[in-house]
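Note that the chains take the letters A, B and C in the order they are written out, and that residue 1 is the start of every chain.
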Amino acid sequence: MRVLTTIITVLAIVLGAVPASAQDRAARKEIVIGIAAEPRTMLAVTIVDLTTNTQIEHIYDRLLDRDAKTLKPKPMLATAWKVVNDTTWEFTLRQGVKFHNGEPFTAQSVKATMDYLQDPAHKSHYAAYWKAVKEVQIVNDYTVRFVTDKPWPALIDRASLTDFLVMPAKALKELGPEKLAQRPIGTGPFRFVEWKRDERLVMERNPDYWAGPADVGRVTFRFIPEFSARLAAMLSGEIDIMKDVPPHVVDAVDRSGRAKVRTAVSSRINYVALVTLKPGPMQDLRVRRAMNHAVDVDELIAKVLQGRASKICGPLSPANVDYAPVECYRYDPARAQALFKEAGVDPTKLQLTLDTPSGRYPLDKDVSLAIAAQLQRLGIKVNVVVNEWGTHLDKVKNRTTGDMFFLGWGPAIFGQTVVEPLFKADQTYSSYGNNKVLDDKIARAITIVDPKGRAAAYAELQKLVHDEAPWIFLWQQHDLYGVANHVEWSPRADEKVWMYDAKVVAR
Amino acid sequence: MRVYVLSRLAQAALVVFLSLTAVFGLVRLTGDPVLLFMPTDIQAKDVEEFRQRLGFNDPLTVQYGRFLGRAVRGDFGESLRYKRAALSLVLERLPATLLLAAVAVGLTLVVAVPLGVISAVRRGTLVDHLGTLAAVLGQAVPGFWLGLMLIYVFSVQLRWLPTGGTGGLAHLVMPSLVLTAFFAARIARLTRSTVLDALGEDYVLTARAKGLAATRVIGKHALRNAAIPVITLAGLEIGQLLGGAVIAETIFAWPGLGRLTVQALLNRDFPVVLAAVFVTSVTYTLINLLVDLTYGWLDPRVRVA
Amino acid sequence: MTRGVTGVVLTLAVVVAAIAAPWLAPSDPARTDFALGLRPPGTPGHPLGTDQLGRDVLARVLHGARLALFIGVCTVVTTAIVGGLVGLLTGFVERWPSAAIMRLADVQLSFPFILLAMTINVIVGLGLRNIILSLSAAGWVVYARVVRGEVLTVKERDFVRAAAALGAGRARLLFRHVLPNVAPSIVVVASLQFSQFVVAEAAISFLGFGVQPPTPAWGSMLAESRDFLYVAWWLAAFPGAALAMTALGVNLLGDWLRDTLDPKLRV
């Protein structure tokens, strides 16, 4: 009996230590975000990884930001920019900004960051992104020039992404990257508090932030790899924000009374690549066009994704600054049949393989199976091979996929990040290439500085890609975020999850 | 006895050495190991340079020697994903998994073993039937399904327990339950059957015929002999506990070694996989050493083997 | 006694379901129907409901039984033969090769079963055949160890020693005296391992490495059900129940076998 009482008492004490409820957190202006993986490093501009950057860009600022609605560049650490000549961009820097350790932000830090990432000893993944930059010139404390080896109009786009998060020059020199990796120092709206590996990353409000302190006092990223556990944490009120709520669960979340699902039409696109880089039926242009006519994208969006996707008809989406509208491939089985006949292919004898990942993109596997079912209507037999993500990526890179593969690409904010890596034969993730005309057009388009000329060049490029039908063009994803009722925050098309914009309201 | 201990130690060292070799071989089985050690965004044209830099063009014996030399000093290279020393990453996560495993073993000793003994002593009664049912169910129900159901009931619906992470005893309850379920079930059943056998042995019947009290008979004679297969299986299974922790850790976001290894496999982060394999094998070997020593102490007949 | 009967009944039910799946299933398990996605059990034509692509759950569970039994039988037979032989030989012949082999076995045992299987799959690829390969490669060692332990003890028993003293040759000792006493343990371990393998396959699929969809395997069905757990409980409940039922049945069967074959068995 005594034993029993002791056990019950202990249990009561122990179980009383349940984590803070949602109300407690709202009162303390705290937000907890459930995320699938922890950051791979706390240093800026070292590893290209969306999850990492989503988290560390609360600590570091970009040189330029992107407007949430128009997705065009806007001032951040740089207040103005201009083109000095074809190979030089000049940035005017914001004055009065301090790093979290008190060090003032000047042109030195911009140069130090570029030097850091270009130094081969640091093996930064960003070196490739900035290889066109020959040097960074310091004109004065608050003016800096980027000198490139050839004209690079998209430099401004790069500078407005997480591809250039600014690190402190003095701290970088005195402490070195290793120490900085443990206690990162930036100019951002939140200061680093602690990183418990594999568990959580905690940051607190920076009261001296140049744009004014954030409404949120404390941001915690909790690493929950298992998707349903994350959803459970959302439904039980343990976390306030989570990404990638599947369409079928949206109603359950909305009805839970704790959170609502907010949608953003993402800049990330999904498509089915028709592989032309090795011998096969896809090398025939007519077959590729027939495939586009044979797949009913609208039905896929309506039935499989519950309407949560925005159809695209070319390689760039409306969220992309270089977008130009192109004609859509209508769902037209008759036209598809005619094209197959013209190409001398009998669809009932056609056997294709479609490689797809599983769970990487919303309902990717299910969409692939649905596409196979649609193609079956014309008698085409499609073998859907579902791959674990690492395997899928390997297959794409090693060119060992089947005739088609499903892939997503994003954030796709400006044209160069889409056309250059995806339509040239020597690029890692490309499924199409060896088209000299296209290669030349791409090479030209990325060097045009004049906005009108650039728009015209990209419009021409998109029409050409559309006509070449290297993909079955699918859609822009809709990013579905579960957001707790006491948090006011709207998701963005560029997938930036930035808590500076969030407000905590007591409801 | 001392010879026994020393020989077991030597064999343990051999095991660790062999596992390192196996790991080395396993990686090279893939054909082109450089693909396993490259970061994902290397361009196809840079592969050859990488191959040269990592030393994969050297003769196999040279690579092996280098690998062993580094491994002995604890250098398994840098994690491809985190750009940190792989071994330190692995060692950071080990305590969390050991904690879970220790709790599971503790729970098993306290619950499963007595259950098995009672089931055997009271064979055929309701207690026996219920106990066996619980044990068999414990083995049949998949751990991950149990985990998801537990989260659904206790976290989402009842809100009694947190869905995961560390922080207090409340966080420990569900993950250790999931981990214990299978292990305890096996041990309970095994204990029951070995105690049954021991009870049926002639020397036990003799002892009882001589008038010794039942508990004394059970405690001193039967249990001691029943212990051997139980400990053997327990020793084997503890290694599996370390592996079963993988599921519990993934579902409950427990920051342990199992979860790290799975993610390393999914991310093709082979330096970490190798370091994890090494650490797991050393841990397991040490545990088995303990088991073997206990074995030798319990059953003098086996000691000479 | 009831235990045995239950075991036989359950196992038989699973076997029948597996064999008769094409006739018992209301529809083709691979047939998709987008209009009928995520329907609950009791929907006309779909007694156990449908999944997100409109495929019938009952059909998938029944066909999943085939795969589960196939995986279970293949792995159990392979591991029992390989492990049993190794265990017999190393237990009986106590020269140094036995110790060496057991050390190698220890090496393998020091890799947690699931992780070893997953690592093998990452290297050789996924799919049904590779799953059986990796599960077998990871699982034979348990037999070897247990059987060897048994052999070591049985060897010392009086009747064996008597036979040896009477001049019986080694092979004769092994196969006529030791093996029959060890065989039941192999059978019982096999029955325990069967359910463990089936569940392990499910776990590996859950983590993303196993048999890939759209093949209806209970493991990958459970893995897929994660996304829909809170709106479609039946997607997890029925495959999970089927899995548990199979494991339960086979375990009870194994128990009964042991009770009949040799109640003194220490497994």
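Observations on the structure shown:
Convention: a residue touches a chain if its C-beta (ideal position, glycine included) is under 8 Å from a C-beta of that chain, and two chains touch if they have at least 3 such contacts.
Fair warning: this is a prediction, and the values are worked out from it, not measured in the lab.
Taken together, the touching pairs cover every possible pairing of the chains. A centroid comparison over C-alpha atoms places A as the chain most distant from subunit B. Among the chain pairings, B-C comes first (most C-beta pairs in contact). Averaged C-alpha coordinates give centres for subunit B and subunit C that are 19 Å from one another. The mean-CA centres of subunit A and subunit C are about 42 angstrom from one another, to the nearest whole unit. For this pair, subunit A with subunit B, the centres built from the Cα atoms lie 38 Å apart.
Looking at subunit A, residues 226, 228, 235, 388-390 sit in touch with two or more other chains.
The residues of subunit C that reach two or more other chains are 122, 208-209, 226, 229-230, listed in rising order. For subunit B, residues touching at least two other chains, in rising order: 148, 152, 156, 250, 266, 268.
Remark: subunit C residues 3, 94, 99, 103-104, 106-116, 118-119, 122-123, 142, 145-146, 149, 152-153, 156, 192, 195-196, 199, 202-203, 206-209, 222, 226, 229-230, 236, 240, 243-248, 251-252, 255, 258, 263-267 touch subunit B in the complex.
Per the touch definition, subunit A reaches subunit C in the complex via residues 226-228, 231, 235, 246, 248-249, 251-252, 299, 303-304, 358-359, 363, 365-366, 369-370, 373, 384-391. Those residues of subunit A lying in contact with subunit B across their complex are 14-15, 17-19, 37, 40-41, 46-48, 123, 125, 128, 196-200, 222-226, 228-229, 232-233, 235-238, 388-390, 393-394, 397-398, 426, 428. By the touch criterion stated above, subunit B contacts subunit C in their complex at residues 11, 14-15, 18-19, 22, 26, 29-30, 129, 132, 136-137, 139-145, 148, 152, 156, 186, 190, 193-194, 196-197, 200, 229, 232-233, 236, 239-240, 242-244, 246-247, 250, 258, 261-262, 265-266, 268, 273, 277, 280-281, 284-285, 288, 301-302, 305. Put simply, subunit C touches subunit A in their complex at residues 32, 34-35, 37-38, 52-53, 122, 125-126, 208-209, 212-214, 226-232.
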